[in-house]
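The same chain A turns up in both complexes below, where it pairs with chain B and then with chain C.
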Partner chain A sequence: MAFPAMAFPAMAVIAQAVNGIMMGAVYALFAVGMVLVFGVMRVLNFAHGAVFMAGGYLCWFAMAHVSPIYPVALLFSTAGGAAIGLVLERLVFRRLRENLSMQIVASLGLILMAQNGVLLLFGADALQIEAPSLRRVLRLGELGFTVQHLVILAAVAVAVASLHVFLSRSRLGIAMRAASQDIQAARVVGIAPDRVFAITFALSGALAALGGALLGPLFLVFPGMGDLPLLKGLTAIVLGGMGSVWGAVLGGLAIGLLEAEATLFAPTDYRDLVVFAALIATLLLRPRGLFGTAIRGEP
Partner chain B sequence: MPISADPIVQTSALPASALSVRNLSAGYAGRMIVDGIDLDVAAGEVVTIIGQNGAGKSTLLRAIAHLLRQRTGAIRLRGADVTALPTEALLQRGLAFIPQGRSIFPRLTVAENLRMGGFLLRDAALLRARIDAQLDAFPALAALRETPAANLSGGQQRQLEIARTMVMDPAVLMLDEPSIGLAPLIVGQVFSTLRGLAAAGKAVLMVEQNVRRALEASDRGIVLELGRAKLQDHASALLGDERVARLYMGG
Partner chain C sequence: MRYAYLAVATALLAPAPGFSQAPKPVVLGIVTAQTGPLAAAGRFQMNGFAMALDALNRDGGIEIAGQRRPVALKVYDTHCSPAEGASAMERLASVDRAAMVLGELCSPAVAAETPVAQDNSVPFVITVPTAENLTLSGNPWVFRVNADNNQLNQALGRYVVEKGLAPLAFIAWNNDAGRGGVRSMEALLGASAKVAYTGYFNVGEVDFSAHVSNIRRAGARSVMLFMDEEPGALAIRQLRDAGLGVQLIGTLAMGSARFLARLDAKYLAGMMQYNAFPPSAPQPRIRAFDDQYRARFKEESHGFAAQSYDALMLAADALHRAGTTTDGEAVRKALAATSYDGVIGHIAFDAHGQAAPPVYVTQWCDDGTRKIIFPAELASACGGG
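Let's turn to the complex of A and B:
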């Protein structure tokens, strides 16, 4: 099939789609964790990017000092992220549930602490996760992509599918949705809110750290590696409608695709402009986002 | 105009209390809204609390359910002192509460709502049996199992709240204005459901603004005024009381 105007060769469009879906999957994973916490607790955790970054460092540490097997390092990072989530909920966000401005202040403080803590522990140089097999390039005709592209897509698909099954089938998952819809009703049926909030934050932290551990081998591990996913993940949440897990997933994928394809018709530096212009246009046409409903969100 | 204090508390004449509240005071931020309430509800009995807005009716139920932390006094459930227990432990011991307004989970299905009613039941077979029993008791809900609760009618939502609560098979059921927002015909159905529960041995304690119809469905009534129990009597006596009629039944 020939493109009408040959300005974008079809192969380049497809190659950028592969890149875009891969980055979009990472944004989606990031956004899902954030939207989960927002949906259940009405807490906006801007330190979610710091947990993502911690996932990258945990993965580097696991590969270097625990086990050179990447799946083991992924599990290690994910478990570490869950633990970080638990600590953040217990020590910080449990006290700030009703207070959005203090959540933002606390998040910024946490980001500073995390980034400087990492500088202290690991130094200012970006770290490379030693996994040459993940960076091996696969060829599909003219198309080339790394093994890690596939690993990311598979891991995100498994994580999102597992989350979906958890939220729709399991006792605790349904209780999380119940608490997000009516916290008082949850209390009268015996769901202890504090427990639900702890589980929500653990899950959210696990997903963020998994994201960092997935992106680490492709890019480098450095203190600011969570900033970009934070920006794009937030955009994905707003684009998706500030509500559902699926909105966040599709919003993340849409942003990844859009920014990758944007590099074909605009200078690379303009891709954020394209993404945010698309966000503004979407919100002008659909103030609730692409998949939002009039009702305030639930996961 | 205040009602003259003539409390008739016939605790001795009643069968053993399912719920017994002594000298309960509760409030928010240091201000006591419920002030030294004594009340008993026996198994098989429907008791209605009436009173004007701000009399402390909802606060009283919320304090008994321990959804309100600032309170003093003693609460006994089937003889056992449960004053210190949190809401979920009270539910496990048999004290259930349906708060005011819609308290179903709107975007969970009917089946999921019922499952959450049994959140504290860890025995899967027992949970299934209890849910099936509620679906038998409320056939309208059985036909709507996979429907999001938000799509149910007001009367069906109230049925779902009651069914969801009964999954725990509580000995005492407290309801805050079960008739609010319902069509008159549906109100009658809700009250007859509550009578049915009492006939099955449950103790029912409710707060109602729909005073006449609630008292008609009740055994006893308690008139709350400024946080104090001004009057406790048989429902029929309150229905015939000219002052109660004037103050609370618009008559």
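Let's turn to the complex of A and C:
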């Protein structure tokens, strides 16, 4: 029964690098969604974690009741997240666009409503997304990773690359970037802000729900599953620089990697301490984060 | 709250010969978690209370000073939060005038509730939390029916040493329950078993990959998991998927059919866990409770339910012997003198208010059933644990 210690500590570093990049990719996906909304609308949506959680539940529902094919469930969840984003923008955040403190209060209220809503609908037990093919273990010497690890990395890479193409090549993406830089000037050239804002929220919701649907099969689906990504996603945004999509991506990956590797050298319960110490050190050197730039109107 | 209404409605509908007015219900307070990460554990606890409530009211309630009075439960969801627990206890004592308070799931919440119970002279019977200091703090108003960390760990610790399962690794909740479990096990093992790795995680965390890497690196032969079902299932899956063939050792939350349903027999085969209530054990008292529980809730019974059932039944017994619901000191003394044969075993409180119910070690068999492996005199075959 005894299991030999790893021949090389380097293997532990590699194992944690893979785990860290995988979690970091999920944080990045989460952070990018928040950054889009903040960059375009100056809305800080703390309920983004609730949409992430909704993505997990939608994936479970799709696998159980719509189609057992995982890619179909991913699309279902992503579309569901986009719809939730649209509803949130239209019913809540459009009215609170200029009021940051009310945005925060509203999004905290939305978190409570969402978490207790799923408790009523799905019960208190955490749900397991049944996808045996995703659980298949791939062996690499002493190391073992599930297929889902690779699926997460691939899906996040595709999502981020698609977003980049959308923002840089499509008319709508360029309109979003224009609105994020100067809403009045965007209006002057014929961009309809309400439409841009609605699409931004839909896109943000889709990315959050995709994150929840990707993480669900690996771990569990439960009401609080968006809490940790919210904390780490916000940290990634600050680390990468508020308003920078690539900053959010790199911030998320850096946090995932750092917290995973830190556990090899410090007690596991100190990993958040390591992450936040690194964040503070970065902000002391670069107050706007790694890729942050001055925002118009800010001192 | 719904149990309170249920009990009052039952009392109003029931014939009460010799009385022109229905007797006033005896109000007992329940603190538990019905929402949040521990809602599933809270459901077991409430199921046990509900079964005991029905059993008591079926017989007309509790006979106090010659009068049978129905029982009503006032239930508060404390979410395992110390602040909400203290507030609920204050309300139960001062507004609801509960004769006694029972339940709770988390040691930190209990630590906040017990001083309030003492200040208001309300006896508090704990039914799930295991931190040993809860009954060692010298508060005479606190009683606990379930085994504490030391009692639970003793059987397991002895077994680990006997079978040469060291070096050990621990993965535990980063709270009183997890840290208390590790501390207690380390103290019990002393120098007789080397601890190769100890890792803590926060409630709600789901990624155990860091622990897997560290355990592999430390060369541990066995891994003890101080956590409940949900993180336990995730940790085991991640340990096994990563190819670690270590001996798994769990808590009582991991010895149930529900737990098996979260994984499968392949993941659990050979895993052992301490257990305060093996639901498939052949003892008649356990069989009777399990049958009744299955008939009502359509699932295997659970230790939290059995402990909570016993707590409410012995609370009723103490109130009957005290002959009052308003004299806290008399009720406390009656509780302290308890000698009750419950579902979990014989319950009597020591000078600290701690009971010493039987503790078992069970092991998962290849076919997904369990057997008792400790104590030796109660050992059973697969299917009897």
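As a working rule, the second predicted complex is superposed on the first by the 286 of 299 C-alpha atoms of A that agree within 3 Å, B and C clash if a C-alpha of one lies under 4 Å from a C-alpha of the other, contacts with A are read in each partner's own complex, and residues count from 1 in each chain.
To be clear about the criterion, a contact is a pair of C-beta atoms (placed from the backbone, for glycine too) under 8 Å apart; a residue touches a chain by one contact, two chains touch by 3 or more.
Please read all numbers here as calculations on a predicted model, not as lab measurements.
By the document's definition of touching, of the two partners only chain B reaches A:171; chain C does not. Contact with chain B, but none with chain C, is seen for A:181 once the two complexes are overlaid on the shared chain.
Judged by the touch definition given at the top, the superposed model places A:265 against neither chain B nor chain C. Contact with chain B, but none with chain C, is seen for A:192 once the two complexes are overlaid on the shared chain. Of the two partner chains placed around the shared chain by superposition, neither chain B nor chain C is touched by A:276. Touch criterion met: A:126 reaches chain C, while chain B stays clear of it. Against chain A, in their complex, chain B makes its touches with residues 65, 67, 86-88, 91-92, 96-99, 103-108, 112, 115-117, 119-120, 164-165, 168.
Interface of chain A with chain C (complex): residues 1-6, 9, 12, 15-16, 19, 23, 116, 119, 124-126, 128, 135, 137, 139, 142-144, 146, 219-220, 222-225, 227-228, 260, 263-264, 267-269, 271. Of all residues in chain C, only 34-37, 39-40, 42-43, 174, 198-202, 204-207, 209-214, 216-222, 230, 233-234, 237, 241-247, 262 touch chain A in the complex they form. Chain A makes touch with chain B in their complex at residues 171, 174-175, 177-178, 181-182, 184-192, 295, 298.
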